[in-house]
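Order of writing sets the labels: A, B, C and D. Residues in every chain begin at 1.
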Amino acid sequence: MSQYILKIDCSDEKGLIYRIADVVFKYQLNIIKNDEFVDRENSKFFMRAELSGEVDLNSFKGTLEAMLPAHSNIYVFEARKKDIVLMATKESHCLGDILLKHDSEDLNANILAVVSNYDELRGLSEKFNIPYHCVTHDGLSREEHEAQVLKILSSYKIDYIVLAKYMRILSGEFVGHYNQKMINIHHSFLPAFIGANPYKQAFERGVKIIGATAHFVNNNLDEGPIIAQDVIHINHEMNWKDMQRAGRNVEKNVLSNALDLVFEERIFVHDNKTIIF
Amino acid sequence: MSQYILKIDCSDEKGLIYRIADVVFKYQLNIIKNDEFVDRENSKFFMRAELSGEVDLNSFKGTLEAMLPAHSNIYVFEARKKDIVLMATKESHCLGDILLKHDSEDLNANILAVVSNYDELRGLSEKFNIPYHCVTHDGLSREEHEAQVLKILSSYKIDYIVLAKYMRILSGEFVGHYNQKMINIHHSFLPAFIGANPYKQAFERGVKIIGATAHFVNNNLDEGPIIAQDVIHINHEMNWKDMQRAGRNVEKNVLSNALDLVFEERIFVHDNKTIIF
Amino acid sequence: MSQYILKIDCSDEKGLIYRIADVVFKYQLNIIKNDEFVDRENSKFFMRAELSGEVDLNSFKGTLEAMLPAHSNIYVFEARKKDIVLMATKESHCLGDILLKHDSEDLNANILAVVSNYDELRGLSEKFNIPYHCVTHDGLSREEHEAQVLKILSSYKIDYIVLAKYMRILSGEFVGHYNQKMINIHHSFLPAFIGANPYKQAFERGVKIIGATAHFVNNNLDEGPIIAQDVIHINHEMNWKDMQRAGRNVEKNVLSNALDLVFEERIFVHDNKTIIF
Amino acid sequence: MSQYILKIDCSDEKGLIYRIADVVFKYQLNIIKNDEFVDRENSKFFMRAELSGEVDLNSFKGTLEAMLPAHSNIYVFEARKKDIVLMATKESHCLGDILLKHDSEDLNANILAVVSNYDELRGLSEKFNIPYHCVTHDGLSREEHEAQVLKILSSYKIDYIVLAKYMRILSGEFVGHYNQKMINIHHSFLPAFIGANPYKQAFERGVKIIGATAHFVNNNLDEGPIIAQDVIHINHEMNWKDMQRAGRNVEKNVLSNALDLVFEERIFVHDNKTIIF
């Protein structure tokens, strides 16, 4: 039996669950897991189901479409491992963590390549037999650099790009090519400490917690839809380098948790927020 | 429009959601919130829905019953504040927290009375105009004492009994009168440190976390279905009295969170575990 | 035997601990607990000790002064319960929590009075026999209102003022009267969501954690030295009122933890940050 | 200038800090960081200092010895990276995390070798150029197997042995060779779920938190002095394999935090508990 994931978002109406369940039933599909959420303020309905059985996806989707309100978004596909590219700069903790999980088959994705603006992480990537592309930004304008990166990315069939501590700001144009397909880890509990060196900012503000935020990337730096966040407690004995070191474990765990959710297609983005089942 | 809560647990079958949604739709009810869970190992289906509309509950329930597998449990009722009795001994932090929330209308329940085996908490309860019943256990056998407590309890129409640091063990017979209707707060992260003085046990074992557990009460001390748990970090500077003091905030918060879930009827108990929507 | 607290901050030098320990030893005092911290970046030394014995405080302080670098700050005093005034507006959860702890002798302070700009919390305060002063801001300029509040405050001998959800911004002049003597609880994990309605801001940003921050009050809104912070995890099902409700437990616990530290004189403020022993 | 660590534990007496500071001062050493703790119940004094300067360690230690109570334990040594051997079985997450940190020079230790009772982790270890010794237990008695392992271990000069998910119980005799030199990670919040498959035990008990515990190994399974613990929240949707997967991040972080403390010599063990500075 095949496993499918069905995601629907549409305007809310009475009887939606009944109509959808009716179609699912008629196509002889089993519901393994089913989650719904109604955003009352915006009158929006969100549903994600894991289904098993055998179905013609086009026919199934067409029948659903006919039953649902106009402008509904219906995604239905066979469950499968995602194909991803990792981007990183010099720090190895997030990249290494993902490579390790991939190596032990604990990642629900295939890593196609690592792309970096430095050569530092080549050894680590190649240990795990992942192709490594270094695209230096030295002497290049942002446009030129991004064009080179895009050329490499376009040679892969990519479901998601993971910015595993990629420390260069990406232009809106670049981001536009991978809308809701790029996940970033930011080393602060956003919206606090947007931008450069958040640990130094945290140290200077004298906070008692530090954290990390995984989010989809959009046009505005560190302002995309948040997927996961966590914090740890710190104290006055820690300078910003101590915080940076302690923060690494939070960063990699928050990114890891976010990737699990993304790769299992558990997330809807609406109104710059995430709905997560 | 009235608000209803519908809870169903039954053996799992294909088409259950369709059949239930069909009935809900035919009775013209709106689904405000809907959660399902299938326990695959035991092939059990659990569903909780918040509905709005106007319905004859007997007719609605009867129609559902006809559609569902044999031996299904169907609970459907108008959403309303629960009527509760609090039991406590001498410590005031959990009792006081609940009284405060009740006083500021932040508790989804009416407190009918406080019952205690000591008189210490009378002043606190009466500040908030809650009847206080002191039933001393002095000179009484467990049976005699419980008989007196039961007599008082039976004078109230009770949805739930909250053991807000009631420090006497209750007999199986007593518990049997209020099956899945009694919630206890235990001052450890169960199953660690069952029984008396868990903070002292924690100190002696040298743990680095302490916690609290809210659970339904059953026949076996501290072994009922767990509703909520949390912990805080501690260090070597704390003796067991320091832990006890620090633990109070955890205890009252864990109990408070558990009561929210209980009073909104979000919990199923199955196989000594809780399913919480 | 008497209990004393000794706090020293001064520029760092070799031999400081030796010189201080020498004086303590000569005055026949027992060191119950001793903590030091050296801020290397600023070459500052901080020490806090709990001492027991019998000593002439002036003589002891004078001897220390002679031993320490110029411009050292030396505070030494008998350990005692602090005298505090609480300020609040309409919300009862922080105020109530402190009143309860005071009532059960679990607060290391005497509550002299509650001051509010509304009358809503009079009933609660008076239940616990605490004098309640309502100073409405209706029809008054900020200056006039603060003058009236200051008049009441000046009738008490106050160690600390606790802003237990006092929702009016205080002028720099007002704050200047109680420098490092006022503790505020802000309902966000600062520096995120400064200002009005942080829960609404948090909801709109779509964060996955909410939190609270206790800090000393200075001239700049929500920018004083941070004492304690904590967060809880939230999800897309929660609107900002749900967050507000869930956040109350965090607010009152963070404030409670901060007050413990303040009342036991465990905090140094330096460079808008706290050093906490 | 050299960096030293000084650790003292002895029976408590008046004037200890003065006497120690006096010696430190006379040897012209700078105190970088200094922590003390007095266990009042047992009248024991613990101190750890980081010192800088140049000193003859034997002379310094001898002078301290002469000043301190009989039976004092005094350890003083130059700060340096520890030499460690890792032991593991089949799971890679803890081992891989330590290898990664080592590779990026984020571990305060040199990894001399990996020893395992299976060959599964050879590839991972050798990627990072760490010698791998597989000692199968197939067909061997515990004594025979441990003798072979001990033979390999004895060929290295080891400060600490890290059991990074080594899933065989070690005999008291084996443990005796490395008293307070072996750190284990147990996949539960001890003392809950001692022994085999704690995630399955946790699932069956229906807990709402799972966790991990790093501890020194002693004769009794999972009963050694606890160094670090943490937990994460779980829900009814997770079966024990989901818990196991989610728990891996906690396990590796708790172990990582414990190793930081161990390798920086921040821990005293007393009475089967740890004092951590």
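Please note the rule applied: contacts are C-beta pairs under 8 Å (C-beta built on N, C-alpha and C of every residue); 3 or more make two chains touch, one makes a residue touch a chain.
No experiment lies behind these values; they were computed from the predicted model shown.
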item: When chain A is superposed on chain C by its C-alpha atoms, the rotation angle in degrees, nearest 5; value: 180
item: Far-end chain from chain A, centres as C-alpha averages; value: C
item: Centre-of-Cα separation between chain C and chain A, whole angstrom; value: 41
item: Chain centre separation in whole Å, for chain D relative to chain C (CA means); value: 37
item: Of all residues in chain A, the ones touching two or more other chains; value: none
item: Partner chain B, residues of chain A touching it in the complex; value: 14-15, 17-18, 21-22, 24-25, 28, 30-36, 38, 233
item: List of chain A residues in touch with chain C within their complex; value: 37, 41, 189-193, 205-209, 211, 225-231, 235-237, 239, 271-276
item: Chain B contact footprint on chain C (complex, rising order); value: 92-93, 96-97, 100-101, 103-104, 106, 124, 127-128, 245, 248-249, 253, 256-257
